[in-house]
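The structures considered in this document are given below.
There are two complexes below, and they share subunit A, which is joined by subunit B in the first and by subunit C in the second.
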Partner chain A sequence: MSLAERMLSIDRRIIFLMIGLCTLIPLLYPVGLAIKVSPEVKSVYDYIESLPAGSVFLLSLDFDPASKPELYPQAVALMRHAFKKNLRVIGMTLWLPGTGMANEVVSRIAREEGKVAGKDYVFLGWSPGGGSVIINMGQDLYKAFPTDYNNQPTRDLAVLNGVQSLRDVNYVVSLAAGTTGIETWYVFGKDKYKFELGGGCTGVIAPGLYPLLRSGQINGLIGGLRGAAEYEVLIGKKGKAVAGMDAQSATHFAIILLVILCNVFYFSIRTSGKTAGQH
Partner chain B sequence: MTFLRRQLPVLVTFVTGILFAAQYYVPHPLSEQMLTSVSKWLQIIGGFALVLGVTSLFHIHAVKIRRKEPGWGYSFVLYAGMVGTIVIGLWHGGKETTDGVTTAFGWIYSFMMVPLQGTMFAILAFFIASAAYRSFRARSREAAVLLIAAVIVMLGRVPLGEHLIPVSGDITQWILNVLNASVRRAILIGISLGAVALSLKIIFGVERAYLGGGKE
Partner chain C sequence: MPFEVIFGAWVATGLTLFILTFLYEDNPLFKIAEHLYVGVSVGYAIVKTYDTVVIRLIYEPMVKQGDWSLLVPLVIGSLMLARYVPKAAWMSRIAFAFVVGVGSGLAIPRVISSYILKQIEDTVRPLVSLATDGSTTFTYSLLDPASNLNAIVLLIGVVSVLFYFFFSVEHTGPGKVVARTGILFLMIAFGAAFGYTVMARMSLLIGRLSDLIDYSHPEYGRATWWLLAVTIATLIAFRARRRGMEPPQ
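Take a look at the complex of A and B:
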């Protein structure tokens, strides 16, 4: 067996170790390279920045704990920005397994920013139905969610004064790990109830949402941990996303190196095979 | 019986399909009221679907345990986990915290479900790296194009890549915004046209697979 053949059949645990180290070392010893902000992330930031105080901002945390590393930092950054701008924040989720996590992030950031439940923000929780929840909210928010997550009647909440349906919401951002998510919010929500919609998503599904972005169906897109890091840079409060970018840089480079090596060995075997065939 | 099993569902599908396709274009209060009521029904049906799913899961794994099929131990763990979580969840009224104190249900969620799901997803990074090393080869021109595009996007999406090759970020943006978006849009248009055609077939009773294959 040639060296190239042996290298191609290398024990996968060596690759696992390499990726593990590439993740761990930059987290322990961060470099802090500059993060360039992309136009799609800037669009979400600019729209929230343009909203006057008291505007209604709905954040739908449509993900489960599996996508926490990418989408949780996005939620934190968006919530901080919205509270800094004194927007009225409505939190909710269309993903049942994410309810506890969504409640935790909304209440924690609100507490840290000195906001009061029911007055400055509300967490509506989860309701079954996916797209039909959005239609129901578009028709009558109080029929879709008669009470909030803490069983407080939503009609009595000061934060929802003047809000009857999704038509009264100024900006909706869905942080999605798949369907039900951004596309659902567009199809069943924005298209009929005419609110502005932005999105945040995992890196895996981001390329699939670019057609919506280019056509203006969503006004901005925060993609993956990188998008979260860009948003943290924009609001000037670096958090877990910025901290994770060095690790992501290292792992991306490790994978690129592995792909290059794999191809070098592959062509080396192919060339030597052809040469042997000629003889 | 044929009427109840075959003709009535097709009739209901036809009437509601036409009604709600038309409803979108009619902003009259009556039409909006109808949509409000039906969307509430849909939410309730969604809730029942959840009950149906859980019941089905219980049934499948109960059979596996009873017959001691291969891997029945995992079914037992699933049973114990589900029953335990449901009982504790009901006990605490589905709340993770009460007066700022984490409940047992909250503990299960925060310290079992969240890290377990996170771990499952995180493991992907290791397997993707291993799979990329073993299979991401330029065996053909098409594979070579895919490989080059992937390497550029991987470079352009991280600060180190943009630091070493400043133009990689702009090329990545162009790949995502132009090449990727146009191809994705073409796929989306194809899927959407297919969905419209299928919806029409269902509404007009041409496609009846949703009725099931039971005896007439």
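Take a look at the complex of A and C:
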């Protein structure tokens, strides 16, 4: 058996171990590779930056714990930015399994930034219906969410003063891990109620959302852990996303190397097979 | 540090390690974690749905605020349960008809507007731009999505991919060139999607390993180290037991 044949039939657990080490070593010993901010992430940052204090910012955390590593750092960075700008923050989710986690991130960051529940921010929780919830909120926010996550009547909350429906919201960002997310917010929300919409998403669904970005249907897009790291750089508060970028680069390098090597081995076997056939 | 945080860290660490053991081989530890994940997810969904829908959105508005109009959606929704009674199963069709009718009515116009009309509007862009003095200009930047050069690339991509999926004409001669161009664009799209998928999966691994590193610290009782040792010992024990049960050759 030639070297190429041996390498192509290698135990896959060795590959897993290699990828594991490529991830673990940079996490333990970071080198701090440079992070360049992309225009689509900058657009979200710039829009929030342009909002005057007291503007209403709605963050829809449309993901569950399975997508936490990518979208949780995005949520943290966006919340910190919004609180730093003294925006009134409305948190909610269209994903039932993510309700507890969404409440945890909103209330934790608010506490760390010295914000008061009901006055500076509110977490509405989850309501069933997906697109129907957005339509309902566009007509009357208080009918869609009569109470917040802590069962406080939403009409009594100071943070919602002057907010009757989605038309009164200045900026909506949906952090989505799949269907019932950014596209739903555009189709049933922005297209009808004319608020500005930005998005954050997992890497898997990012390519499918670029057409919406190009056509201006969303004004910016934060894609995956990389997007979260860019946002952390923009707000000047490096967190888990930036910490993970070295590991991300190392694993990408390892995978590219493996793809090249596999192709070299494959073609060398094919070439030697052809040569043997000629003899 | 509160006990519940430390307990949560130990549970998260244990389940992460149990799931990762599948990379070595299928084993009972992985099955335990897998079944727990399914069970906890379903249990959580049932409790949250009951609390939000039944209590907050139906019971409290009706009983505490006297909003009896909610009986209408409640009755329509309850008709779905009629499927479990064979003689009354036909009544569930009323509920399904309502859901399908309302859903289609809400979705069709919005989806056509958002996905079809808006996307066509963005795809059909002028190939050259008109300056203020009436002269034509052409921008060459590949990095600018709105440049004229990219408008041409977009036009070629859309036409060639659509042609590739047009099977009524044999792809020969000039048609073959167009179809091959379409394949090229598709390959680039698939490559981009695969690259993003790899990035996403690696991000998940980074997230779990970051947590494992955090939980290996003394304030969490070195959960990662202890549970890693337990996991490895259990795997060895399972392997030894399996070998002992194998019939002699």
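The rule is short, and it goes like this: the second predicted complex is superposed on the first by the 279 of 279 C-alpha atoms of A that agree within 3 Å, B and C clash if a C-alpha of one lies under 4 Å from a C-alpha of the other, contacts with A are read in each partner's own complex, and residues count from 1 in each chain.
Basically, contacts are C-beta pairs under 8 Å (C-beta built on N, C-alpha and C of every residue); 3 or more make two chains touch, one makes a residue touch a chain.
In this text, all values refer to a predicted model and were calculated from it rather than measured experimentally.
Of the two partner chains placed by superposition, A:L51 touches none, neither subunit B nor subunit C.
Contact with subunit B, but none with subunit C, is seen for A:Q139 once the two complexes are overlaid on the shared chain.
Applying the stated contact rule after C-alpha superposition, one finds that A:V37 touches neither subunit B nor subunit C.
Look at A:Q217: by the touch rule set out above, it reaches subunit C but stays clear of subunit B.
When the shared chain is aligned, subunit C comes close enough to touch A:Y186, but subunit B does not. In the superposition on chain A, A:A243 makes contact with subunit C only, not with subunit B. When the two complexes are overlaid on their common chain A, residue A:T251 makes contact with subunit B and with subunit C alike.
Contacts of A:I235 after superposition: neither subunit B nor subunit C is touched.
Of the two partner chains placed by the overlay, only subunit B lies in contact with A:C262; subunit C stays clear of it.
Across the superposed pair, subunit B and subunit C both touch subunit A at residues 16, 19-20, 23, 66-69, 96-97, 100, 127-128, 132, 135, 192, 203, 206-208, 211, 214-215, 224, 226, 248, 251-252, 255. The touching residues of subunit A, when paired with subunit C in their complex, are 13, 16, 19-20, 23-24, 27-28, 66-70, 96-97, 99-100, 125-128, 131-132, 135, 146-147, 151, 183, 186-188, 191-192, 202-204, 206-208, 211, 214-217, 223-226, 240, 243-244, 247-248, 251-252, 255. Across the complex, subunit A is touched by residues 24, 32, 35-36, 39-40, 42-43, 45-47, 49-50, 96, 106, 109-110, 113-115, 117-118, 120-122, 125-126, 128-130, 132-134, 136-138, 147, 150-151, 154-155, 157-163, 169, 173, 176-177, 180-181, 184-185, 188 of subunit B. Contact residues of subunit C toward subunit A in the complex are 23-24, 41, 44-45, 48-49, 52-53, 56-57, 61, 106-107, 110-111, 113-115, 118-119, 121-122, 145, 189, 192-193, 196-200, 202-210, 213. Interface residues of subunit A facing subunit B in the complex, by the touch rule stated above, are 8, 10, 12, 15-16, 18-20, 23, 33-36, 38-39, 64-69, 96-97, 100-101, 103-104, 127-130, 132-133, 135-136, 139-140, 143-144, 192, 203, 206-208, 210-211, 213-215, 224, 226, 245-246, 248-256, 258-259, 261-263, 266-267.
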